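Which chain is which? They are A, B, C and D, in the order written, and residues in each are numbered from 1.
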Amino acid sequence: MDRRNFFKLVGTASGGAVAGACGREGDAIIPLLVPEEQIVPGVEEWRPSVCRQCPAGCGTIVRVMRAERILEIDGEKVRKPIAAVKKIEGNPLDPVSGGRICGRGQAAVQRLYHPDRPRGPKIRNAAGVLEDASWDAALDRASEALRAASAQQVLYLAAAVSGSRSAAVSSFLEGCGYAPARTAGTFDFEVERAAAQYAFGWNGIPLYEIQDADFVLSIGADFLGGWVSPVFYSRRFGHMRRGRESIRGALFHAEARFSQTAWAADRWLPAAPGGEHALALAVGALLLQRHGKDAASLPPALAATLREADIAALCMQSGVRQSWVEEAAGRLASAAAPVVIGGASIVRRNSVAAAAVANALNLILGNVGRAGGVKAPSRPLDTAAVDTGAARPTAVFLDGIADAAVPLRVRALLDAATVIAFQPSAHADVLLPDHDALEAGRVVSPITAPGYALTGGPSFVRPLYDTRASEDVLSAIAKRLGKSAAVPPAPYEEIFAAQDGFADTREFVSYAERQGGWWQERSAEISAAPDPEGPWGSAAAPGAPAASAYPLTFQAFSSVQYGDGGGADLPWLRQLPDPASSLMFDLPLEIDPDAAAALGVRNGDRLKVISAAGSVEAPAYVNPAAVPGVVSLGLGGTADALALLPPESAEGAGAQIFSCPARVERVGRSDRFLQFTRIDRDEEPARS
Amino acid sequence: MTEKKHPQWAMAIDLDRCTGCEGCVVACHAENNVPLTSPDEAERGRMKHWIRIDRYYEGTFPDIRVKYRPVMCQQCDDAPCEPVCPVYATYQNEEGLNVQVYNRCVGTRYCANNCPYTVRYFNYEDPFWPEPLELQHNPDVSIRPGGVMEKCTFCLQRIQRGKLESKEENRELADGDIQPACVQGCPAEAMAFGDIADPESKVSRWAGSGRSTQLLDELGTKPRVFYLEKGA
Amino acid sequence: MKLTAKFAARPALEAALRSAGCERTVVYSAKPVEIASGAAVRPGRMSLLAVAGAVAAGTGMTLFMLWTQSDYPLVTGGMPIKSLWPIGVISYEAAMLGAVFGTLLGFLLEGRFFRNKSGPGEAVDSAWLFLQLPCPGGEADRLIEQLRAAGAVSVEQEPD
Amino acid sequence: MTPAAAAEERIRQDLLRPLSGAGAGYCAAAAFCALIVAAGAVAWGLQIDRGMVVTGLARPVYWGFYIVNFVFWIGISHAGTLISAILRLTDAGWRKPVTRAAEAITLFALMIGGMFPLIHLGRVWLFYWLLPYPNERLLWPNFRSPLVWDMTAILTYLAGSFLYLYLPLIPDFALLAKRTTGLRSKICGLLSLGWSGADYQWHALERANKLMAVIILAIAVSVHSVVAFDFSMSLAPMWHSTIFAPYFVAGAIFSGIGALVVVMAAIRKFLRLENYLRPVHFDNLGKLLLLMSVVWLYFTASEHLTVWYGNNPLEMNVFQAREHGGFGLASVLMVVCNFAIPFVLLGIRKLRTIPTIVFSGFSVLAGMWLERFLIVLPTLANPPLRAAAGTYLPSAVELVITAATFASMALLYLLFVKAVPIIAVWEYEHEADG
């Protein structure tokens, strides 16, 4: 069966989910052996790949066509035909993307062709400036730093991505006797994993089958915007809403920010910052006390808490109108297929408890493992945040973490050490640029793949610059350190063992490469085993009002455009209007109208936000939907949101908290405040 | 001899599915070589988004909602932009598309003034992409020089490719064979594109839904984009 | 032969016209002279020419536009290929342009321009009025006498 | 020489005197205007080179100062038509010293106004695509477009008003040919087409003038109607209005008279023609200005009342922006300039003197420019979909080009008064005679 027919067949079988464009696959895939000069102009090739813009790992297909690169060789302009990436679409066969892709994924091609992309290795010189260097010099410099450090003094910081590359990293670290890779404590979903462990006894991030649900209550998880896998959940959301005959699923969303999910929700429950826990408890209490739901599957401690809870007090504490909480609980109770999503797009001190209770509500609703309910994670996720209290590294590998997503306490570590980075970073002392994700052949396991494995095909465009695959770089470093045991496995094929129905690994791999991955539903049903020792107590009563020095709450969030901040330099994303403020090229500090009025602040005024940890300046956007007393700032704008966050972790997890007390001062006008639309409301003018 | 019937392209957008994520906006930029705009130019209001999300807040906290809607060229049947062009740079083709002929445009900008949806964008200067971003250019779409009006084409180049391929393979175009970039990328699957003359097509079914409305339909422009309003 | 008489004022000129008869006389002056009767009343076809020009240009332009529309049949704004309403404005303007050129033509014809028939050169820049009249060979003396009697300041005789 | 002849000779000398010699003041003024015009040309060159990026235009305001100026100058061009044609048809004797000054305004204002659609084009080097010239691919312009109407109307008006100015100039050219020497005499002789002063020529001229007066009136009304159609054919709120054609025509005549009094006062003062442009002329024009001011108010009021009463949300957006938004101050100024000032100064007989009439003329010019501005901008800045609303600030290039148009009007006029007598000698004599 050739590739195009394979696509078609699968496409028909999976209910017409196949997009038209992918059906146009030519039989001939450009073999790498064909010199680029011989690519036929105007003929398109679609090659499968994986999006690496966020940990979700959507399967993509990439349109490759001939282009001409103008190079200056010996002062003469030469036109060189190359295979260039033209467009990225979702891979219809991929269970995560299902042929769909978000804006950040679309913009990945601009990462490949970004004008500021490093074109070779760099070393920080005595003057503190990164300057071009040869690979040998750069590798020497990195090896020196590693040699000077003891094994305990080497830290490998990586984003929460698994696949062939991280396997190579692990084998390198192991071979050299270094500690396993750690995350920076941001965007590795430790809160969600801890909550799932408590509520269900599962390792990983649960899958919420919202596509079959008829009522969804999301507590703290901005699953359509900056959460685990926006495309995956957007598809499911679309199906939930209008994909079924005569059933329209409804969504209530509780969060202290009017996020993308709150936009799309039928009702937004504007919880006070940290009020998600009380809200989840209130809903649980209502289910038990008022709707007579069975608490048998709950951990006894939680059941007791819920039975004794004072609903009115909890609602008050949550910041949400009691009638709305009651409505949410009522609809959960009466829905045929209700589901509660618990998460923490904005991590707070009590987020683990909030997410755990929210998840545990599914136990009351009895939907674990059922259609429209919660399913066990497809794969375990065992990354852990670096323990900044203990670590004193002198050499740090920085891998795949955007500068904007590095919390202050990790920055302190980076400042004190020699930083070996694979992607451009302000912290880098040695930059060993990796190929772009589109240039390197790798296997990536998506964070939420519902029981599938996914491969990225071999590279199909040649590296544009003098970059090297970091697997090879690690291997070279290992050689320099004299640790031949640490040389990582070269070909990614070795990750796979031959599967049933294939003659050998090679045949299997080529099959997986053709369709962009290999997926197999994990049939084993994992039942829930809640942890009786979980954070099942009642919500801590709010302490005395915060000291008047910091009367507001500041929260940092991952924006739709920039994600963890890593997308902030891509032109398409930069010029994308912020959904809330319509601001382009930057992210504003969102402030509620009352607080703004009190400070005399208008859109575009420059505000200084001050917390115990630091202060930043940002342009103000008076967001009509901002929760009173809460100011929010996205990651990746010119203002460094994380610089305000004190080095604290959520209770019960290593995750950096994204919310803290703060105060705001007006410092003047911004030079520019580039809104695509300056109009917030569509109101008919009154006659005067 | 029977005359071959031309497909009548139309789009339907289910606002109940739409999450306002702006994936379509980026998809459109990636597909159509839409020029980049510098902050200086953006400050003057010259940002180009062939498709954009119009958003309005409604109500006050805490009972606040936001009304949002992707807006692109509505490909009106009775398009106000067309007759005012002195040089026929924009006209209605037999497939119901409101075609913009970049080469013919002299830049009076009258069409843009007369578009009630404000979806036409003018090239104030020759576009520029810093090297090597231009490698990404879609060779199927021309680069518009300065002084020329541009707008959403329903991805005419994809329609053309789709038609050619079906012809090559000697088969009829099937519903869903052709998808503009925004429709194909939409994560919430909130957009449908196809032949409105075919009652079986997805877009026909969506457009026939009770929730279907057209933007500013009181102006009589007969848009080809249908919005399925939110509703319980 | 023709005679050119010079007058200081209109009454004398009018008297001379009365006595000499009005046929084939021409009055030259530096400003329009309103003469009670006679020379001034000449039938003109200028307005006819203007109307003709208007009709011709208006019709011609209308037909041309209709032809271009059917020759290059593009639908714009859902209007019919041959749409009379929106081309009416141009038909009107074309008709007016035709009228302008008709008038110009009429003016050039009636004013007998470009025919090298200049009168007394003095006439365009003086307060004098000149009367030019044809003079059959034998009657010169009688006519000169009449003109002088009517008040001519001077009378000159010149060959045709 | 009779006393009458002597008087005529004096008039001729008076009227022809400005044609010879040029004082230091004249040269300085001409050089100053030429400098600004040159700056305008440079600005336009820059705009052609770099693109419309040098203007302040931005979505959704795709038309700005250029179109405001276009409408304004086309409006000014109605000075000649009204004074000359209407007064000629009604045989108002007092018109005679002012007709040529007015007709020259028409021609020059049209030339300037006609430039703006070109200046405003994104790709001006392709402007000829608007013309129905035969071409290989048989592409024709779209005659349904109001812009093609515009072009036809303006070209027709240009041809008509040129002829209308030129015809009465012929006897004066003949006179000039006699009174000057050398090349100038030759050129004037050629331009006089061999004018001999014969009675049939006078009659042809009279007839042609009368006919042209009728035709030019018909064209003038259509031209400004077509300019109004540019706006009213669109679907844009507060543009799509049936009142626009007569409203624009009335406004054009209004501003035309304003321009005329200003120009006449300048001529009177600088060419020392006090004996010829007498207070009665200004007084009559002042009364006309007063009348048009009231007519203007009537149109403006009925336009606004209709919109306000109708309360169509799309139109109310624009209405509110005009009355209360960023354009509110301009609206107030417009009413003050176009109505309050002329009505008080010209309506009270005691106040109606030459200086106040001229001041009113200036005020009306400013007011009418603001009116055009207020017609073009608020509608564009407030499109039907509120999210697309925008703003506009003119750039330096647009300001320089705008200034250059006023300078070029002055420059053209400065050259004109040196080239031909600004008061038709023969017509004036005719009047003195009668």
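Just so it is clear, contacts are C-beta pairs under 8 Å (C-beta built on N, C-alpha and C of every residue); 3 or more make two chains touch, one makes a residue touch a chain.
The model shown is predicted, which means the values in this text are computed figures rather than measured ones.
Two chain pairs are in question, A-D and A-B; the one with more C-beta pairs in contact is A-B.
Comparing each chain's Cα centroid with the centroid of every protein Cα atom identifies chain B as the most central. Centre to centre, using the average C-alpha position, chain A and chain D are separated by 64 Å. Averaged C-alpha coordinates put the centre of chain A at 30 Å from the centre of chain B. Rounded to whole angstrom, the centroid-to-centroid distance between chain A and chain C, based on C-alpha atoms, equals 89 Å. Centre-to-centre spacing of chain B and chain D amounts to 42 Å, using the average Cα coordinate of each chain. In chain D, the residues that touch at least two other chains are 139-142, 144, 146, 148, 386-388, 390. Contact of a single residue of chain A with at least two other chains is seen at positions 677, 679, 681-682. For chain C, the set of residues touching two or more other chains reads 72, 74, 76-77, 79, 86. The set of touching chain pairs reads A-B, A-D, B-C, B-D, C-D, using the touch definition from the header. The residues of chain B lying in touch with chain A in their complex are 14, 16-23, 25-27, 29-31, 36-37, 39, 42-43, 47, 49, 52-58, 60-62, 64-68, 130-133, 135-139, 158, 161-162, 165, 176-179, 181, 184-190, 228, 232. Those residues of chain B lying in contact with chain D across their complex are 41, 44-47, 52, 54-56, 71, 80, 83-88, 104-110, 112-114, 116-118, 121-126, 145-149, 215-216, 219, 221.
By the touch criterion stated above, chain A contacts chain D in their complex at residues 677-679, 681-682, 684-685, 687-688. By the touch rule above, chain C contacts chain B in their complex via residues 72, 74-79, 86.
If you check the complex, the residues on chain D that touch chain A are 308, 311, 313, 316-317, 319-320, 323-324, 386-390.
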